[in-house]
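There are two complexes below, and they share chain A, which is joined by chain B in the first and by chain C in the second.
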Partner chain A sequence: MDKYQYQAVRIMEYVMLVAAIILIIFGKITGDTFFLRLATEALIFGGLALSVDLLLGIVGLLSLGQALYFGFGAYLSALILRDWVPSFWLCILLVAISSAILGWVTSYIALRSKGVYFALISFGLAQVFAKSIYNTRALGASDGMVGVPIVQIPLPFLTLNLGDAITFFVVTFILMSCIYFALKYFLYTPLGRIWGGVRSNESRLPYLGYNTQTPKRIAFILAAIVAGVSGALYPMLRGFVSPELMYFSVSGNAVITVVLGGVGTLIGSLFGSSLLMILKSIIGTLTFHHHIVIGLLFIVVVIFAPKGIVGILCTKLKERATR
Partner chain B sequence: MSLPILKAKNLSKNFGGLRAVANVSFDVTPLGVTSIIGPNGAGKTTLFNLLSGLYIPDEGQLLLEDTDITQLSPVQRLACGMARSFQITNLFFDLTVEQNLQLASQKLESWTNLFYATSKSKLALKRAEELIEEFKLEAKKDEPVAFLSHGEQRRLEIAVTMALYPKILLLDEPTQGMSQGDTHNTSELIAELSKTVTILLIEHDVELVMDLSKHVIVMAQGEKIAEGNPHDVRNNPIVQTAYFGETE
Partner chain C sequence: MLESLQYIYAPQIINGLSIGVAVILMALGLTIIFGLLDVINMSHGEFYAAGAFLGVSLMGLGISFWWTLIIVPLLLVPFGYLMQELLIKKVFHHKDRHILTLLLTFGVATILEDLYKVIWGANTAKPATPITGASEVLGVMFPNYRLFLMMFGALLIFAVWLLIYKTSIGSIVRAATLDRNMSASLGIPVNRVYALTFAFGVALAALSGVLLAPIYSVFPTMGKDFILMAFAVVIVGGLGSIKGAVIAGLLLTQLQSLSSLFISPVWSDPIVFAVMVLVLMFKPSGLYAGMKNG
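And now, the complex of A and B:
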């Protein structure tokens, strides 16, 4: 990451923080929670995009099936909260551990191959899981699961009620910030550097003494945890889950989000998700065919701004510095 | 005469019906430069890949200081003290010079340091700094490798292989595509390095090989046809025939 990209990322972080504060103040003053719930959903899908960016932008693995872990987290969260105990912390903990195990197991299938084959295997894995759930009556089959209760989060001095849109937004924002900064921390460790080596020239690493499967597996498991935990928040917000959460449209949207925000920047995923959500809701009020517009937007971004919004900002900063 | 650091015994490798390397045996003694030369298609690169672990020989044995490394992977061979460079520059092009060298030096650290901030990997950072200085890359240390000149990239390629203090360094055409000036500088660099590490060199530039080497192995059509000191090899009629063809 050069100094301009570093600056661009820092600016985006502040933009996200300021936007969040404005949203909270707006929600508090007007009592209108529509935008807050929209922003919360954007952050949740931003978490999924973060996991895609970890694999794609940092390690160089294009996953077309990351929705598998997102959907898994969502279903497990719904099951725990609805049928067992409505505990936020227990739910997040169990989903994180289970997603790690699922990521570890599936990594032995997905990481057997590289490049386009990895993309196809990740896609295939998600399809298998999605169709299995679609045909499982105990999990609600095609209808999914409804009736997930509103969750309370007990803290030492207060109890947070996730039924309140502002509270839910703040909790999601804090959780996503923690995930974001944790992933960002890894970028500045030797492990992050090895990930960069895998992305840049994987075949060279064995001659420097590295077995490349282990760092790739660590990234794959981390990405599964991030996607799973993000998914766990979904039923808490919407009160239901459905097999569509594991479909290709969700995985594909996450890839579009990452490209729109800026591949390999992490913050671009959260920003891109927010932008995509705004665009969808604006375009959605004008036409039912908003997918066409989103598809066109993706093409335009790939052609004219392949490094996404962070890339555009980076170029502007460079131009300003050299002027 | 000192004991050999590397012993190749009857190494052979076939690709389908093609016998790329046939019963090649030789010894490499410590320090200095030992070179492998031969005309195009002689099997030099296949032999080099057998030595570095990219290929496993169909027959034969390879000993590094009496340790049998014949079946070992490149990762395991590096742990035994054998490092290699590549004929076509093979670096991490979107990482900076410093990051390339830190990545190459990271194996000096405990694996637990992988999860702490890079600044905690003191040994790796120190080694990277030493290499930047030794290979005169100070001015370019923050540049992505893709922005370096060809000569600088080739220099970095050697620096990367030196990161883990190897006992033997396999250099695959280190001056390939270099200008005359860069070739001269690299030649001096190899001569300097060979005082502290054993170097096995594959090189097309016969003059460079003759200037640098203490021992030369000549290959043709997958077989070793001659070996000896540069003077003897230069005057060997079999070698002259292999390079220039039969004289009437």
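And now, the complex of A and C:
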């Protein structure tokens, strides 16, 4: 990460923070909840994109099936909240632990392969899971599950009600910030350095005395946890889950989000997700066929700005500094 | 025992074969594009849908089915050529080529799918079957069109194999795959070979769209439903291998149709993908990887 990228990431962190504060004030004054709920959803899918970026941008593994863990988290969260006990903390904790176990088990399948084959095997795994859920009557089959109750979060001094749009947004924002900074912290540990090594030249690392399989497995499990916890928030927001959450379009969208924001920057995932959500809702009000515009946007970004928004910001900063 | 073989297994096997031939046709285009260009074409299913839609429209204009078999693939050749020249070539030498081309073709797929909804509407169309009637095979009746599809498809697959492995055009294509710079210095127009190969893969997808339209219905998302199976076939067979695509195509579609005798057919998709994951676990590059050995 050079000086300019460091600056670009810092700027975008501030932009996100300011945007969140403006949104909260706007919501408080007008009492409008539509945009807040939209922003919350953007952050939730941003969490999924974060996990894709951890694998793709940091370790160099393209996952086309990250929706598997997202959907798993969402279903498990819906089951816990609806049928067992509507407790926020217990739900997040259980989802995190089970996602880690699922990630650990599936890593033994997925990490046998590299490159394109890793992408395809992760895609296949998600497909098996999605189709199995789709066929399971006990999990609502193609209809999914509805009727997830509104959750209260008990804190030492007050109780937060997630039915309130502002509260939910703040909780999601704080949770995603925690995940973001935790992942960023990992980058500066010895483990994070090995990840960078795996990305640049995996076959050389063993010659330097490093085992690459364990760091990759840790990244894979971490990504599963991040995706699972993000998914756990989804039914709390929308009140339902459906098998579409595990479909390829969700995984594919997450990859596109990462590329739009900037691969390997982490903040790009959250930023890209918000931007994509804004674009979708703006274009969606103008025309019924918004997919055409979104598709064109991806093509333009991939061809002209393959480093995403962070990349554009970087070149701008560099131009200004060298002028 | 013999009767159950005749009346239960044989129809399933033959039905599986007719689907298998269609899936292999799709997979051929995918695997050729991957084998030569190292590009995973996510929009392949949409080209298959394009073939089906164009076929239906042309037949609506009064053109016979047999002519559409020739016209539709030819109509899509320039499209495939331009897609390679204008889009994929732009990111071809980038170090993240796999990811970027995957995203590019994904973007194209998103646009095309929505475009079909604009042009042809979200409704389902079903063209009339060009060959009517049924014939008796092994004492069981089969629609003539399915029998035609099997023969024609098998011929077509064989023709593609001949083209790539037994003609001078094929050796030029394979040479360009093997060593781009060496081929270029021997006077092969490598970029044009790449673009034409992409167009050829697209045309194959369109052709399978035309062929399958009378059996399955025609609707904007039809590509999505079918492409997953074709992907599984290509992955199990080994990216870039024609022999692998044929063997895996037959294997997976038989598995799909025979397994539906014992368990609910909705579980056939998870089974196919589970087999795909299993194959990748033990042979991470598929049964036969690469274009080298057929």
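Convention: the second predicted complex is superposed on the first by the 323 of 323 C-alpha atoms of A that agree within 3 Å, B and C clash if a C-alpha of one lies under 4 Å from a C-alpha of the other, contacts with A are read in each partner's own complex, and residues count from 1 in each chain.
Operating definition for what follows: contacts are C-beta pairs under 8 Å (C-beta built on N, C-alpha and C of every residue); 3 or more make two chains touch, one makes a residue touch a chain.
Not measured: the values here are computed from a predicted model.
Contact with neither chain B nor chain C is seen for A:Q5 once the two complexes are overlaid on the shared chain. In the superposed model, A:V255 makes contact with chain C only, not with chain B. Contact with chain C, but none with chain B, is seen for A:G115 once the two complexes are overlaid on the shared chain. In the superposition on chain A, A:P206 contacts chain B only, with no contact to chain C.
Judged by the touch definition given at the top, the superposed model places A:H291 against chain C, while chain B stays out of reach.
In the superposition on chain A, contact is made by A:I299 with chain C only, not with chain B. In the superposed model, more residues of chain A are touched by C than by the other of chain B and chain C. In the superposed model, A:G197 makes contact with chain B only, not with chain C.
Residues of chain A touching chain B in their complex: 185, 188-194, 196-197, 199-201, 203-204, 206-211. On the chain A side of its complex with chain C, the touching residues are 56, 62, 109, 112-117, 119-121, 123-125, 127-128, 131-132, 134-135, 248, 252, 255-256, 259, 263, 289-292, 294-299, 302-303, 306. Looking at the complex, you find that chain C touches chain A at residues 40, 42, 87, 90-91, 94, 96, 98-100, 102-104, 106-111, 113-115, 117-118, 228, 231-232, 235, 239, 264, 266-267, 269-270, 273-274, 276-277, 280-281, 284-285.
Remark: chain B residues 52, 73-75, 78-79, 83-84, 86, 90-95, 99, 102-104, 106-107, 109, 113-118, 121, 124, 160-161, 163-164 touch chain A in the complex.
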